[in-house]
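Look at the two complexes coming up: chain A is in both, with chain B in one and chain C in the other.
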Partner chain A sequence: MHRITRYLRLYFLIEAQYIKARMQYRADFIISSIGMFFSSLATLGIFWILFGSITELAGWNFMEMVFIYAFYMIAISPMQIIFDHFWQLRYHVTEGTFLKYYFRPLNMMFYYISEMFDLKGLTQLAAGIVLLVYASIQLNIQWTIARVMLLLASLFSASLVQIAVVVSASCAAFWVMNSWPVLSLAWKLREFSPYPMSIFDGAFRVLFTYVIPIGFVAFYPSQIFLRPEQVSPLAYASPLVGIGLFALAYRIWTLGVNSYTGTGS
Partner chain B sequence: MKKYFAIIRGAFMVGMVYRLGFIFTILGNLVYLGVAYYLWTSIYETTNVMRGLTFNEAFLYIALGSAVFILLKTYSDWWISREIIDGNIIIDLIKPIDYQLMTLFTNLGFVLTNLIAITIPTALMLVLVFNVTIPYGAGTLLFPFSLIMAFVISYCFDYFTGLLAFYTESTWGLSITKDTIILVFSGALVPLQFFPEGMQKVLMVLPFQTMYHTPLMLFTRPDQPWEALAGMLLVQCGWALGLILLTRLFYLQAIKVLRISGG
Partner chain C sequence: MSLIQIKDLNKHFNVLNRREGLGGAFLDLFSGDYNIVRAVDGVSFDIEAGEMIGYIGPNGAGKSTTIKMMTGILKPSSGAILVNGFPPHANRIRQAQIMGVVFGQRTQLWWDLPVIESFKILKDIYRVDQKTFDDHMGLFNELVGLKQLYKQQVRTLSLGQRMLCDITASFLHNPQVVFLDEPTIGLDISVKAKMRTVIKELNQTRNTTIILTTHDLGDVEALCRRIIIIDKGKVLFDGDVKKVNALFGAYRTLKVQVNDFDESTLKALAGQMIQHFGTNNGISISEVEKHWTDITIDQARTPLADVLSFVMTNFPVHDVRIVEISMENVVQKVYDGALS
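== the complex of A and B ==
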């Protein structure tokens, strides 16, 4: 417990300084936030256009799609905001600047992620929350305290799935140097997580459920709230999936960190 | 002309260095095609023709759109802006070469890499794995030319976005916004026929549709009357020429703010 409070305190201290430094570039913050806003809503825009011609997609109506999409936007935000530094891991590894993370009496992953706090990701989080509230009013979802707690738990676990996928993909840098192709593939796959998994069959459903389980980022957990009476058991497995995957990603990170030998310069 | 061939060759060889990346890009595109296939199958669940497009036409449009997207994706806005921000642009400026043409031909080299390594394998997959029937007609012959025009127009947008680095260092936001606008409003993700009528009218007068909608329609509907085909191509050429000129003017303005203090 003492350890957790120490880390939390440290995190706030580091981030406060980081945000102050970033705030010198106000125009950058505004332009990046606008970019973030548009790009994170693009797929929803496409759904909106498609629903001009259809009333249901594999049995899901537009407002339900908005709910799933909002869940997705919130679930990917912690990755964007807190773990954003993982995008740069490949540079640190190839250029040798990664060595500095070995020299502090802190958990290395904590030290590594604490160096960046992505402010523009807050736009995505805010847009996601607004959409989630809007969709649940339109859909007449009844919220009780228990269900809100369940929502928070599902979001937490879903965000762990997303974090685990990106962390594992970036850790490829420890072995293949340029991990960009792996990372961009993981990024591309992520964009399919708000799609109703029921449109897929065979190989694709297996792929998105068991191999690269992006179905657990949004679609399976949001079923608990949209159709509680006909939830598949998979939906209730989602908290375990998140924790399990994160543990696996952390293991990959540890292996990578231990095998890294620096660049010699 | 010889010096520009050297530039194309150089860029092509740089692109070929990252061969491992191609496998992942092809893999990613295969998954995207699969997702698109299932998505459009669901959309066409109850009907055969929607907004004047059959399932085969709509899927061919989207799938080919993804191949064109990879072809045109050369990240030139990213490297042009990086060059401007770190000052290395000066090395290119002292060469006896026009900067716009130099970047255009560098870009062309990367496009050729993409074509050989990613687009052609993707097109083959489309025929072999997804079994799409490919229509033939006059439009099929015009398609390669239209694709070149689409490349020029796409390059102009990248070039313009890259040059904005003369004014701001926030290139992430600008490039992402540009990419999103082009993807959504050009027909790359959903055929323009599916947009609401009013929006379609607006989008047809904007340049974005000439990058995807024009070549994709030439390919999926090659049997249109000559006047329609020629009209589409004419609009495309007009935009290509106009944007080349506009970005040239913009460059002449923007270069004035450049200050590089030694190296």
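== the complex of A and C ==
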């Protein structure tokens, strides 16, 4: 417990400084936030066009899709905001700058992620929350305290799934000279996650459910709130999936860190 | 008990024997043809608390690999390594608290933050109390005028300023041992001198053990009493720096460019040197490069400054350079048996 409060304190200390430094580049912050906002909305635009010609996608209507998408936006935000530094792991590994993360008396993953905090991701998080509230009003979803708690737990584990996928993919850099293909696969797969898994054909559905389970980033956990009466048992497995995957990703990271030899100096 | 104990330390890497060309690269995918590279090959030494060690050797000698094992980044292939009684690799977090590291020119400070904020974060990471922190920062302000850099972002510092900040940072938590890897590389002479003063001061006042890897033999000469020379993964020499000094410390080459140079200049120079400094003066003169006269001086016999002032007053000197003996030369001399 003491350790957690110490790390939280350190995290806020470092991030407060980091944000202060970033804020000096105000134009950069504003422009990238606007960009983030519109790129988030772009997928909604696709839905809107799609539902101009159809009324249901694999049995899901437009507003339900909006709900799933809002869930997705919130679930990917912690990856975007807190774990953003992982996208750059391959540079640190190939250029030898990764060595410095070994020298502090801190958990290495903590020290590594603490060096970056993606402010523009906050725009995405805010947009996701607004959209989720809007969609649940439109869908007339009844919220009880228990269901709100369940929603928070589901979002937490869904975000762990997203984090685990990117962390594992980034760690390829420890063993592969050019790990970009692996990382870009993780990036592209992300775009499949706000869709009902039932629209994918057999092999892909199995892939997205059991192998690289991006179905758990939004679709499966959303079902609990959208159609509690016909939820597949998979939806309730999602907290386990999140925690299990993150543990696996952390293990891969540890193996990578221990096998890293650095570059010559 | 010694602070650092290393016994029969080995680190071997398996390196694939690569074939040439695109077809070769494809075949390599299925190849099991590995070469074992013995980066560190049976190294043993002990280091006592408070020592300042010059750990030197040519590129690829195994210096970095040893340091990486001492700092806990790499796990030894075999052999024992104990720092403060613990194997570093198995106790990384605990060991990090008692170590300071400056690794070449890669800063460990926060690139976007003002210098002072970096130090404040480090204060929290290492749980340094306010008084120790203030004393430490005060000392560095006194030694190198650090205060004027406090508000600057790390990214805007010059290389010399950044290295000073990195060194300050590495000593902040009063570590028992500090690893300095090429701390003076790329720095101009005045900053280099400052850096040496600071390192010496800290070693003496705090009894901090310092392990210095460098290409600059001047650093070793100015700072260390003991030197460990390593080449091809093996310790070539471990002992008093004075012994090695005879190989590099005492010799300097003074390169002078004289106006209206010709054959007679060289002769005149040699003649007047003998007249002035005697026959056993340890000076040899040759023309290696066009228009440059090389005067190699054994400082044990004749001080360089005397020779320099003599040449400057008696000849129309156009340009002067002072060159130290290179690391490769030293290692070669050791192989040739100069120390045995």
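As a convention for this text, the second predicted complex is superposed on the first by the 264 of 265 C-alpha atoms of A that agree within 3 Å, B and C clash if a C-alpha of one lies under 4 Å from a C-alpha of the other, contacts with A are read in each partner's own complex, and residues count from 1 in each chain.
Quick note on the criterion: contacts are C-beta pairs under 8 Å (C-beta built on N, C-alpha and C of every residue); 3 or more make two chains touch, one makes a residue touch a chain.
Everything numeric in this text was worked out from a predicted model, so none of it was measured.
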item	value
Simultaneous placement of chain C and chain B on chain A, clash or fit	fit
Of chain C and chain B, partner touching more chain A residues	B
Contacts of A:Arg22 with chain B and chain C, given as first, second, both or neither	second
Which of chain B and chain C A:Gly96 touches, first, second, both or neither	second
Angle, in degrees and to the nearest 10, that opens at chain A between the C-alpha centres of chain B and chain C	90
Partner chain in contact with A:Arg104 - chain B first, chain C second, else both or neither	second
Partner chain(s) touched by A:Glu115 [first = chain B, second = chain C, both, neither]	second
Chain B versus chain C as contact partner of A:Ile14, first or second or both or neither	second
First (chain B), second (chain C), both or neither touched by A:Ser39	first
Touched partner set for A:Tyr260, first chain B, second chain C, both or neither	second
First (chain B), second (chain C), both or neither touched by A:Ala58	first
Which superposed partner A:Ile199 touches (first chain B, second chain C, both, neither)	first
Least C-alpha distance (whole Å) that remains between chain C and chain B when both complexes are overlaid	11
Residues of chain A that touch chain B when the two form their complex	25, 27-28, 31-36, 38-39, 42, 45-46, 49-50, 52-54, 57-58, 120, 176, 178, 180-182, 184-185, 188-189, 192, 195-196, 199-201, 204, 207
Contact set on chain C toward chain A in their complex	13, 59-60, 64, 68, 71-75, 92-94, 96-97, 99, 101, 103-104, 106, 108, 110, 112-114, 117, 120-121, 124-126, 153, 181-182
Residue numbers on chain A that touch chain C, as the complex places them	9-10, 13-14, 17-18, 21-22, 96-97, 99-100, 102-107, 115, 258, 260-262, 264-265
Residues of chain B touching chain A in the complex	18, 20-21, 23-25, 27-28, 31-32, 34-35, 38-39, 41-43, 45, 50-51, 168-170, 172-177, 179-181, 183-184, 189-190, 194-196
